[in-house]
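Order as written gives the chain letters A, B, C and D; numbering starts at 1 within each chain.
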Amino acid sequence: MSVFVVVGASRGIGGAVAQHLVEQDHDVLAVSRTPAPMGTWIQADIGRMDGVASVLNEVGDRPLDGLLFLGGIWETGAFTPHYRFLDSPIEETLQVIAVNLTAPIQLAQGLARNLAQAPNARIVLMGSMSGLPNAASPEVANTASKFGLQGAAEALNLSLAPMGISTVVVNPGNVATAEVEQDIADGTFPDQVPIPMADVIKTIDYALSVSRAAAPTSVSLQQTNPGH
Amino acid sequence: MSVFVVVGASRGIGGAVAQHLVEQDHDVLAVSRTPAPMGTWIQADIGRMDGVASVLNEVGDRPLDGLLFLGGIWETGAFTPHYRFLDSPIEETLQVIAVNLTAPIQLAQGLARNLAQAPNARIVLMGSMSGLPNAASPEVANTASKFGLQGAAEALNLSLAPMGISTVVVNPGNVATAEVEQDIADGTFPDQVPIPMADVIKTIDYALSVSRAAAPTSVSLQQTNPGH
Amino acid sequence: MSVFVVVGASRGIGGAVAQHLVEQDHDVLAVSRTPAPMGTWIQADIGRMDGVASVLNEVGDRPLDGLLFLGGIWETGAFTPHYRFLDSPIEETLQVIAVNLTAPIQLAQGLARNLAQAPNARIVLMGSMSGLPNAASPEVANTASKFGLQGAAEALNLSLAPMGISTVVVNPGNVATAEVEQDIADGTFPDQVPIPMADVIKTIDYALSVSRAAAPTSVSLQQTNPGH
Amino acid sequence: MSVFVVVGASRGIGGAVAQHLVEQDHDVLAVSRTPAPMGTWIQADIGRMDGVASVLNEVGDRPLDGLLFLGGIWETGAFTPHYRFLDSPIEETLQVIAVNLTAPIQLAQGLARNLAQAPNARIVLMGSMSGLPNAASPEVANTASKFGLQGAAEALNLSLAPMGISTVVVNPGNVATAEVEQDIADGTFPDQVPIPMADVIKTIDYALSVSRAAAPTSVSLQQTNPGH
């Protein structure tokens, strides 16, 4: 049995992964603003510094096998024709960067000593295809945060390798969360086949299964039918 | 004669570029915390939201030919053996991301309508070799911000192209600023040959000289003798 | 039971993967110059056009679930201080590019109609960390071929998606093949911990297990202790 | 006055650059199959090994300031809906890789000692946007060769730095050569604004003007209006 902190565990990818880990008899510390349906809920808004602090406080000095940062936010109207950079308020830019980029850095820093106690600790960060070179989407804050996350992961691998902690970024296309399926159904997103959640779970299981001698650092997972 | 906003104009790369542009008879709005020795000084701490706001206020609705974001900060002890991720205070992470990543996004957004009035407007962002894939340095916040800047530039190109504004990131190794030369002289940095400032100026002159039909989006400039 | 063509199946990564697939009761068509110890041996030197042709001839119109291109060659003295670009004969450059880059393109082309008959066909290409941006090694032909392979994979994904075929490149550091372990033991390579073969096999199993709706396109697998 | 070998000098980008260099009073050794209208013509088909050999023979031990590899070929029907990977004959794949990738490696190797005699020698390689990560076009051989060229450039920088030779790849979108303008005029290519040749020349002038202490390694030059 391993112990994982799963951030964004109330729904979407984080919710599905948390449920999968609980079904595998792992111990899940489920971080989210709204109640998480499984594991031990840690209520926190990780877009706020006191939210991150409360997560660190709740985890305490408990050894951890993994930090899975699976949350993420984006601009209003993102990935639709309604997004316009010039109309995005400054507060939105700040919030997207705080949640998607600053929070995982702060959590990795605050939990590094917990992770260092595990025999084979992993940090898993949910990136995006739009965080990769020449694959940006027009959403400036979200794209900047997802590129930034790639950099954070590389730097974390350099900084935390001596503690036996490796970091992987998983970069999927659109995943079949309830929200994405709704967006496709109501025409907000163009018709497409999102990535089945089972494939995302396989990806994370794979990343967690690799031995301590190797570090999967990046996995890109495209949609076969992205619908454009 | 063109009009440029140069951020970080009091010293370093920004100072040298501002001086060069003034010598070429351009009009320079020189943004910095401490007095800028040339151009029209706009006093602002762009790591603070009210600092960015005061820049926008000072520029007003004046047409701009370019926004040159040439400032940047990094962690205490960065690029030396003294840097340790776990010892970097959270305030430092927040400040590095605010100055290096959030500020250029906010300035680009706030000045886009000024730039759209020029016949061939350019945004020039000072990146870094450590913002490129597989070239990260261990400094987590700085690396994350520099990767993020690449993403911001790609997204800005997508979002601002209809307004006739293109964005380029210049990614140099260590540049021969007074600070870097001092760091080499006193052994803080290993012995090396930093990039001559004249080469950085040539790079920016090149980027500004390209016609409206083309957009140099990325220029990498390595040190021939990086000293390691 | 699935049917796989495994190229480079006589030893190293190809040999280990072929054995694993046979143990999982899959049908393996084992391509190599020297006899392959398992599966159905197809004798071929894929660095020669008639070698590729003989593979295509042997496979015939048999449906295939996967093409696993796991072979590769490099310059004499590669990855040691003995390699010098100016001393590498032209024939070596030609041969490295023929085996590492031209052969997988030709095999993908020649076997595409076989793969299109499978419900979820995958092409797996063995890349290298040194095929990624800013991670080149000085071996010019090998690095060029490994970068080229990334490009081939991207283009294959664009060209073969309508046929239901997806392509993934696996980019590992040094893998614990018999040759690499010998090179470490005798000091040809610096002391290091190579990637366990079991982790490479897990990576390929993962890539093959993803559903048809998703395509893992790139997996990077670093050594935790690369020895430098 | 400097001495440059310009490959592909009979027309297109190579022809325009050769003419520009001659106008600047430089000495140009113009390599092409058909007669080059300026400089000293070296007749050679660099897609053949004896073609490369004849270039090396003609240059002899003459010191060189630069090797500008500005030629390139692609598949029949490339960049139009007529291209189909499965219909591209093997000979075409071989030829595209030979001209676009193998030839520049062989020329760089064969001319390195000539370049090492110059005070500040540069190799300039004509890449392509489609040689960059996540920017592939479906043309498999061309994309593979252009990615490969990026890798060759990185490895050349590692291998030839001790000789004082640096290598830069210029990655443009469609350039306004006579062929491209014809393709747009007759509808083979969609309506678009190609990159003015003057901007490509500025890019090469910039790359050649940087001091020996710095090495521009990569310049990306997008079309502002790519027409899709």
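The rule we apply is simple: contacts are C-beta pairs under 8 Å (C-beta built on N, C-alpha and C of every residue); 3 or more make two chains touch, one makes a residue touch a chain.
Bear in mind that the values here come from a model prediction, so they are computed numbers and not experimental data.
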Given subunit A and subunit C, the chains that contact each of them: B, D
Angle of the C-alpha superposing rotation, subunit A to subunit B, to the nearest 5 degrees: 180
Copy pair subunit A, subunit D: interface residue numbering same or different (half cut): same
Which of B-C and B-D has more C-beta pairs touching across its chains: B-D
Farthest chain (mean CA position) relative to subunit C: B
Inter-chain centre distance, subunit A versus subunit B - centres from mean C-alpha coordinates, in Å: 29
Rounded Å distance between subunit B and subunit C, as computed from the means of their C-alpha atoms: 42
Distance from the mean Cα position of subunit D to that of subunit B, given in whole angstrom: 31
Residues of subunit A touching at least two other chains: 133-134, 157
Footprint of subunit A on subunit C - complex, ascending: 133, 157, 161, 164, 166, 172-173, 193-196, 198-199, 202-203, 206, 209-225
Complex interface listing, subunit D residues touching subunit C: 49, 84-86, 88, 90, 93-94, 97, 101-102, 105-106, 108-109, 112-113, 131, 133-134, 136-152, 154-160
Interface residues, subunit C side, partner subunit B - complex: 129, 132-135
